[in-house]
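Take a look at the following structure, please.
By letter and in written order, the chains are A, B, C and D; residue numbering begins at 1 in each of them.
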Amino acid sequence: MIIAMKPGADMDELHHFAKSLEKQGVKIHLSEGISQTVFGLVGDTSGIDEEGLLAHHLVDKVMRVQEPYKRANRLFHPHDTRLAVPGPDGAARYIGGGHLGIIAGPCSVETREQILGIAGAVKEAGAGFLRGGAFKPRTSPYSFQGLGCEGLDLLLDAKKETGLPIVTELMAIHQLEVFDGVDIIQVGARNMQNFTLLKELGHCRKPILLKRGLAATVTELLMAAEYIMAGGNEQIILCERGIRTFDNYTRNTLDLSAIPALKKQSHLPVIVDPSHATGLAWMVPAMAKAAIAAGADGLIIEVHNNPEAALCDGEQSITPAAFGSLMDILRKYAAVEGKAV
Amino acid sequence: MIIAMKPGADMDELHHFAKSLEKQGVKIHLSEGISQTVFGLVGDTSGIDEEGLLAHHLVDKVMRVQEPYKRANRLFHPHDTRLAVPGPDGAARYIGGGHLGIIAGPCSVETREQILGIAGAVKEAGAGFLRGGAFKPRTSPYSFQGLGCEGLDLLLDAKKETGLPIVTELMAIHQLEVFDGVDIIQVGARNMQNFTLLKELGHCRKPILLKRGLAATVTELLMAAEYIMAGGNEQIILCERGIRTFDNYTRNTLDLSAIPALKKQSHLPVIVDPSHATGLAWMVPAMAKAAIAAGADGLIIEVHNNPEAALCDGEQSITPAAFGSLMDILRKYAAVEGKAV
Amino acid sequence: MIIAMKPGADMDELHHFAKSLEKQGVKIHLSEGISQTVFGLVGDTSGIDEEGLLAHHLVDKVMRVQEPYKRANRLFHPHDTRLAVPGPDGAARYIGGGHLGIIAGPCSVETREQILGIAGAVKEAGAGFLRGGAFKPRTSPYSFQGLGCEGLDLLLDAKKETGLPIVTELMAIHQLEVFDGVDIIQVGARNMQNFTLLKELGHCRKPILLKRGLAATVTELLMAAEYIMAGGNEQIILCERGIRTFDNYTRNTLDLSAIPALKKQSHLPVIVDPSHATGLAWMVPAMAKAAIAAGADGLIIEVHNNPEAALCDGEQSITPAAFGSLMDILRKYAAVEGKAV
Amino acid sequence: MIIAMKPGADMDELHHFAKSLEKQGVKIHLSEGISQTVFGLVGDTSGIDEEGLLAHHLVDKVMRVQEPYKRANRLFHPHDTRLAVPGPDGAARYIGGGHLGIIAGPCSVETREQILGIAGAVKEAGAGFLRGGAFKPRTSPYSFQGLGCEGLDLLLDAKKETGLPIVTELMAIHQLEVFDGVDIIQVGARNMQNFTLLKELGHCRKPILLKRGLAATVTELLMAAEYIMAGGNEQIILCERGIRTFDNYTRNTLDLSAIPALKKQSHLPVIVDPSHATGLAWMVPAMAKAAIAAGADGLIIEVHNNPEAALCDGEQSITPAAFGSLMDILRKYAAVEGKAV
């Protein structure tokens, strides 16, 4: 971290300030320039509050050289993390490190027939994981809120029948009690900075699929991962799912440049949710292909056997048939990129 | 709600679709135009999912005429809500309905001396409520996370000594156990769509200060209020605290037009947080005045006796002296607007 | 266009209003609902001002069913437009309709050696067109503003030597006098709504590469194209080059979902500028691949022989060698997509 | 400007790089830290391209300490600029430096009766300047484009009759020929970075009302002013008129914090356009008051005698009667702020 002090600052005051900073565990390299003095901070600056520094009357500008995340940082972990998720058969399914993880399934679990039907279809088409919502975060309290525990039970049945590990969203920490059979726990975009929840998930031993918040920067997403990792759980999958911008043609604006950005900054696998990002089923194949081309380690795609009758997000769900065609072309893209799918 | 069906849609299919919609409790007024048929939905459409409709192959466009919130809606509650918050002396302090509620205090409770000193100072300057964070949502897991229960105890001491009702943030529902003495519970911007938390607060009987999310629309803020109100707790104070935009001169972009917007749509009181919105202490007075001029029912302002040494957000805290001067001018603005402060 | 009138509006007033609208050349289909009357407008509504309607005291909401653009609209021109740009040899280079147009070259023309060297290198790597700025729009009046006419002359030399058609930016209409030898005229993002310029270009008979404004919606980009097309020049190439959002990891946020969006709404070819969108040379290959995967009809890429010494935008320029490697992989992507490159 | 070099950079290379920078007219103060070397640049850095530096393989991060604008910078011109605009009677009307400039009138000049009627009404209510569009930038080529020269003539008549100086928008430099009688030339938001136009206006000797672009930062607005000022015309009025964000309740998001931001950075007067910012006539009074409270030096407000029949932007125009009431309350605000209106 480099701090430019105000021009004309008193040198005694500057030395006094430098000492107070050193009490926070860093060393200060003080450099007197012609017009202003510059502090170079050496050591672990992750606990030093940039904005707090700006409150000080001697400080002009602050520039962070080292990122504030550590465990998520590629600097300290140069190789890609490859997550291994064991299926009901004990064999691992991989995400990251050259392996594409394809997660597919309905927005919400609705009925036994629905989830078993879709699970069978996406497995056949080549999906590696089954998604399905049991507890649903909905903008309106009057909208369908998910089947809850009953939905979880149906997901477990589908897992048993197809052998696909399951991914579902956790909305509150007390729900962990019923998440025993869940293979990957999803933290939704709206909970990306629910820090209490993140801290608790640090003590959990399951992979966490962490979705980027609607207005979260790349750094904030990595800091959210860091919250979980600081607790000891390093199995994180980052998920780009669209950010909120002025543009309203699509539901959100899919930020595919976040893929190379996240992969440069971090060793964690990065997947993309083209369904929530666009909110438009017809756009999902184009954006799924683009995500793989941009370097994503996988996809999470909404598939519904009857999108028109879906209890939520039907307009962004593709049919099992469309998913099958998409998988065919994704395999070609994976081949070009030298990745396993 | 008005639904424009696709041009050339089959009339039998349209009638069938209309019937399926009527099962959701609305009446359909079907109007055959020259180029396309239009459905007018009459009745309570708050449970009908706009996006679900768009998934249907017959549907072209959807326009919501009635807002999806009910209890927060001014349509069904034309008069301004005036919240009465009893202080330790039993007498009520008001927010809304012509009363400005001025909430002031430090970002975080740090020490006994700090909170008692600031509480006394802001009371003398004319604040009606004391704010102070005990549980702090911080972007980094390595930053100061607040004093927790000890901080709450210090706040209660300050309340006892000054008679000011207290406002503090709740980050997780289990913290409610220790919130007995808290007068107004704050829900932070990052938890605005923590629906599990909102639902639980619906069963609580304390006023909730609900902060707008960084990327939340006016409608989404009102839907978050509706989540709480649907549970039976109608004591909500809405708080504009800046939204995230491309502009980075200020920490967030204070959206003062949200005040007249929220007040047109809803009867709930609306206050403004100029400290978090701008992140710049020197800008707080200008934006506090502007908020009152734009029709706000109050303010929540960070005040710290020694901003340079604050454990968080020092750069946006004003001193007690600056707060005193601000109150002097705010009283003039209140007089112009015919409001009590 | 569908207009929902205010509930309880007087029927005589409504009929009077309907008549005044019909004077603007549309037919009104008036439908009395239970709670409110709805007008369905039939005919050419492109000249009717949505926002003007909302000023009327009888009007509640307005929903546009038909897009306000006509010549750019795929509805009236279902097949993809394929632009043919003749080179100095008279043979056409294509963009759109299954042909990828790859435009490469430096941000600014700097010297004869520079532009000839880069032109030769990108041609050898497989580029179809040469780009280079002579008149440069710079944020600061104190930055290098381009070589002007001298830069144009050097571009023409490079065209002569390599046979590559050239693309360069026009900043003001009087520059047209010296654009005789230019093959594709670029309109920059900052001039996308310079309507005077657009109108004049409507009378020009050269292809226009129209870049999306930093804060322009898909509809606004198509309306800008419509301005040119309304004047008779239908040779437009649309270019997505990143939009401005809260995210600041990249210079702009590349909105690849604009590709399928634009191609659904319009028949015009759509290309992508990954260099300006990201501002980061190392990210260009990933986003170039993603653009092709998302359905783009081409790319415009900054290539510089010595990015470190470039007079502008060096940090986003790739070297000729990197461009060569990128072309190798792009050919594989083109093969998967069944496109000629 | 401070440049942090990459850790481990070769010292000879660093010295060589420092020398190459010094050729651009700055002095380098090189400071060897423990982990990385820092360059401090002293002198005029306004011509040094931050982004160009980042392309260099030795450079890690760059921090600009001095703003890139000079003539617009308050640092070199500490006192507020007060613009004096002479009316037809030769007496000056002031904007800035304690004087509120109130500009009112219709979006477009439509007829003689309209403009004379509105001009008389706003003068009587206390406006200091008359606005009215003759050349209109419209999103659609099929919308009303303004009366052009005929509109200018009508404006001049209104000026003659009322004595109000007039403000109107210039869309292209050749229109200057007919702008002789115009007192303040408006540059619209869409032309804020039409650099060719800005340069030409630098040679003009009339005050320029420069509107902030939809996606322009505070710095970019000041750089646009700098373009004009660099040519010798220092009579600039900056205008905040709303920025584009995700929020769509209002047409744009009025960024009132831009007022204190611009006034801290620059000595130029800052006015606000609440009409275009909100797009909602009923919201104009609240935001006009808030603008004055936030420190604006004036307002530009759309007033129309018959908003429902306005040829453009009727939904954001207030009636002369509403303008009169607003002026009454604005005078009270001006009194609180100690400003002349």
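In this text, contacts are C-beta pairs under 8 Å (C-beta built on N, C-alpha and C of every residue); 3 or more make two chains touch, one makes a residue touch a chain.
The model shown is predicted, which means the values in this text are computed figures rather than measured ones.
More contacting C-beta pairs link the chains of A-B than the other of the two pairs A-B and A-D.
Distance from the centre of chain A peaks at D, each centre being the average of the chain's Cα atoms. Between the CA-based centres of chain A and chain B the separation comes to 27 Å, rounded to the whole angstrom.
In this assembly, the C-alpha centroid of chain A lies 32 Å from the C-alpha centroid of chain C. Our note on geometry: chain A versus chain D, Cα centroid distance of 40 Å, whole angstroms. Among the residues of chain A, those in touch with two or more other chains are 215, 244-246, 248.
Taken as a contact graph, with one node per protein chain and an edge wherever two chains touch, the assembly is complete, since every chain touches every other chain.
Those residues of chain B that touch chain A in the complex are listed here as 46-47, 49, 51-52, 54-57, 68-69, 137-144, 171-173, 190-191, 193-197, 199, 213-215, 220, 223, 226-227, 230, 244, 251, 279, 281, 307-308, 310-317. Considering their complex, residues 2, 4, 27, 29, 31, 33-36, 38, 40, 42, 60-61, 63, 65, 244-246, 248 of chain C touch chain B. The touching residues of chain B, when paired with chain D in their complex, are 215, 217-219, 243, 245-250, 253-261, 264, 277-278, 282-283, 286-287, 289-295, 329, 332-333, 336.
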